[in-house]
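Before I ask anything, here is the structure I am working with.
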Amino acid sequence: MRGAWFLVSGIGLLGFIAPVVGLVFRLTPGRTPVVREVELLSQAFHYDPLQPGEAHTRHALGGRIEVRWGERVVLHLRAVDTAHGFYLDGYGINRVVQPGEEVTIEFIAIRPGKFRFRCSETCGPLHPFMIGELVVTPNLPFYSSALGTIFLALAVVGRFWWLKGEA
Amino acid sequence: MGAMKGWEWLARGLVLSVLVGLPLSLWAADRVWNGSARWWIAQIPESGGWQPPTLEVQAGEEIRLRVTSADVVHGLSIPGLGISVTVEPGKVREIRLRPERPGRYRAICTVVCSPRHGEMIAELVVRPPGGGPIPEITAAPDGAFLFQTYCAACHGPQGEGKIGPPLNAAGRVPQMDEATLRAIIRQGRPGTAMPAWGDRLSSEEIEALIRFLRELSQEPSRP
Amino acid sequence: MVVRGMARAFAYPRLELTRCSLLRRLVKHRAFQFMLILPNLAVFVLVLVAAFLGTPVGNRNFAIIFVWIVWWAALIILLIPLAGRIWCAMCPIPAPGEWLQRLAIVTRRPGRPFTLGLSWPRALRNIWLQNGTFLAVALFSALILTRPLATGIVLALFIGLALLLSLLFERRVFCRYVCPVGGFIGLYAMVAPLELRVKDPQVCVTHKEKDCLRGNAEGYPCPWMAYPGNLWRNIDCGLCTECLKACPKENVGIFLRPFGQDLLLARAPGWKGRSLDEAYKAFIMLSCALIYSAVYIGPWGFLKEWANLSDPAGFALYATGFLGVNLIGLPGVFLIAVALARWIARAGIPLRRLFVELAYALVPLGLTGWIAFTLSFVLVNISYAIPLLSDPLGRGWDLLGTASHPWTPYIPELVPLLQLPVLWLGLVVSIGLAFRIAQQNLGDAAKARRALLPIASFMTLIVLLFQRLYLG
């Protein structure tokens, strides 16, 4: 029973290490990058990614872009109402776009995981909360840390089940 | 107990200095930084546009004009005085000017700040020193400045085109005659983002713009 | 082992900090609390001036950045987890009212206090009102967090209400029963490793005069209406140190102790035991941490628009959802987990009782959830504070030459790596606490183990939800 507990706890610990690997180290896959073009509209206080050619309807649902690890991402950033910015966590990209302009932002999605992009040009009261998400799939940090959570919980509960004498 | 009395008075003094002294010193600090300044605060037209809508000064008077934005990024341009600055929210830009010639100077926003951006117009009124009527300004308008003010946001700072078509040598301006250009500027292009400027620009200003467009479209590599 | 959680005169190790004579003299000094309050009063005045007269641009206004980023982060990440209600000791909001009641700032003025001196209605001697005031503020947080004027009005209302209540009622009823912030500080202060307690409860039992309750020449009667002889939990003590000054037996001290001891307590003399109002505070705080993580940090523009009151119908939907999750949704799912636990463990205890008891196990998870949420914006936005040191009102000053320092997010991509261990710590502690509480209520370890399964699953689910929002 002790063995079972140590096994579960060990896997739980791996859950912590996996996202560190995903977030800290840049693991660039060695294939020719596939280009992923996304039109990104910004308006107070959210981002709307559109597929090329898709008309803009004010759906304002999730400002979430999903790309695959290692793809070359080309964003065509536009502003609908007033000037907005685009700061991408982990890439140091910071651009400003005014209505009428199109700003093209290119980068290679070198790390898996979720990276937020934020408005960097004050655009109104909720400006600090104007946030979108770039999800580089497979989202290893999320999956591994979620597994980590489950094993961690198992380890804690298991302490009371399996290590009765020592609890 | 005697020692505590001293503490009590000290505490009262400290509380008083925080409640009264601190606001007073904030006021004093503001006098130091902003003492003689005139303010122009930019807001999108939906929230009221420029505040105040009309700023009155005396001719020959040295003015510290402090400009800021209460919401989003704007630009302030006073074509008649050769002023053009970007105005960012919560940041204060200072412009020093001494307008000599009395008149009404139009001030506009140069950054597309909202769907009603085009309505964001204010006026700087320069009164003659001894009072009396305010004359209309008759100086020849500067086409390059007008272009940067009104056109560059959509057509690009060098006329290279953005959401609007290019107006440099690569565009269709060289093939257009004066009347066509005049009509487009005056009436706009219905169905596109090009607004009608007829009610915002004087005929002199439109002619100056057309002259500048001719220059621009003849020089492929204008800086 | 602390069976059934009976307070056995502090069954945990304690280190008395006030044995250090310098610290003892400091906290026994009548001006001690005033010295804590004064700098905060100065900042508070600056906040109010900035809120009402400064720029309406939130991220360029001292009031917004120093209240909702600097103060908030310090409170939730440092002050509460490490020192419990220490903020309540230094908070300037109730100070004017208390000084007026006493007609003195630091001295112990004898005689009748300047107040009608009504006693607080018995029905409200709990934190239900604080649950309500917190929800009221939380519902309009999108306005309050981003508009200097709204922040100013809310803070002015707090100070006005505190003043009014101090004129009508005895002592600090505002702090104890009304303050929306005091409610959750108290709940989470029970986690802190710092406590003000008596050294030996027996001394209090035999001491008939009860100077701490009545006050004496050295100290006022407890402003928080607590009796130190029966003080077992940080939620009931504002750390004002009046009893330390008043106690003629030198029987009150400030102690360092293991984290979270108050949450293990199930029964104690003079305490009615775990209660539904505090359980609901735990639900509300946990729900809000989740909802805010979705609304403010999430990518969903429509949620932001609804919360921002951009259109009335959207806000009505948001308000319904917000209050629904807080009051029915999350407590409801937890109730199902508790019902399952009760069924699996074949426990005879009433469902309502077990529901209240086990809810206290959510306190560590709620606190770590709030720390994780706070981490998601504090490192990103703390640089807004730098220009404000030079230009607090956004009026174009440059006192220190930092006025044009740009917005600079610090290690935003590594924030999830900080959030994960915090959430996991909360999960581990909360599951452990749930086991202890189950043991207290079900009697034997075998039943507690079985009861733990659905409760731990609920907690794991909560952490997975946070993880989905932060990393997924």
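All chains are identified by letter, namely A, B and C, in their written order; residue positions are counted from 1 within each chain.
Please note the rule applied: a contact is a pair of C-beta atoms (placed from the backbone, for glycine too) under 8 Å apart; a residue touches a chain by one contact, two chains touch by 3 or more.
Given the structure is predicted, the values throughout are model-derived calculations rather than measurements.
Engineer: So how do the chains connect up here, line, ring, star, complete, or something else (other)?
Structural biologist: complete
Engineer: Out of every possible chain pairing, which has the most C-beta contacts?
Structural biologist: A-C
Engineer: Centre to centre, by mean C-alpha position, how many angstrom separate subunit A and subunit C?
Structural biologist: 32
Engineer: Starting from the mean Cα coordinates of subunit B and subunit C, work out the distance between those two points in Å.
Structural biologist: Using C-alpha averages as centres, the distance is 48 Å.
Engineer: Need the CA-centroid distance for the pair subunit A / subunit B, whole Å please.
Structural biologist: It comes to 40 Å between the two C-alpha centres.
Engineer: Provide the list of subunit C residues touching at least two other chains, using ranges where the numbers run on.
Structural biologist: Residues 57, 59-60 of subunit C each touch two or more of the other chains.
Engineer: Note the residues in subunit A that touch 2 or more other chains, in rising order.
Structural biologist: 122
Engineer: Where in subunit B do residues touch two or more of the other chains?
Structural biologist: In subunit B, 71, 89-90 touch at least two other chains.
Engineer: Using the touch rule from the top, collect the residues of subunit B that touch subunit A in their complex.
Structural biologist: Residues 44, 71-73, 88-90, 111-115, 117, 153-154, 162-164, 193 of subunit B touch subunit A in their complex.
Engineer: In the complex formed with subunit B, which residues of subunit A make contact?
Structural biologist: Against subunit B, the touching part of subunit A is residues 81-83, 98-102, 121-124.
Engineer: Applying the document's contact rule, which stretches of subunit A touch subunit C when the two form their complex?
Structural biologist: The contact residues of subunit A facing subunit C are 16, 19-20, 23-24, 45-48, 60-64, 87, 89-90, 113-116, 118, 120, 122, 125-133, 139, 141-142, 145-146, 148-150, 152-153, 156-157, 160-161, 164, 167.
Engineer: What residues on subunit B touch subunit C, complex-wise?
Structural biologist: 4-5, 7-8, 11-12, 14-15, 18-19, 22-23, 26, 29-30, 33-34, 37, 66, 68-71, 89-92, 94
Engineer: Enumerate the contact residues on subunit C facing subunit A in the complex.
Structural biologist: Subunit C residues touching subunit A: 57-60, 142-143, 146-147, 295-302, 304-305, 308, 377, 380-381, 384, 407, 409, 412-414, 416-417, 420-421, 423-424, 427-428, 431-432, 435, 445, 448-449, 452-453, 456-457, 459-460, 463-464, 467-468, 470-472.
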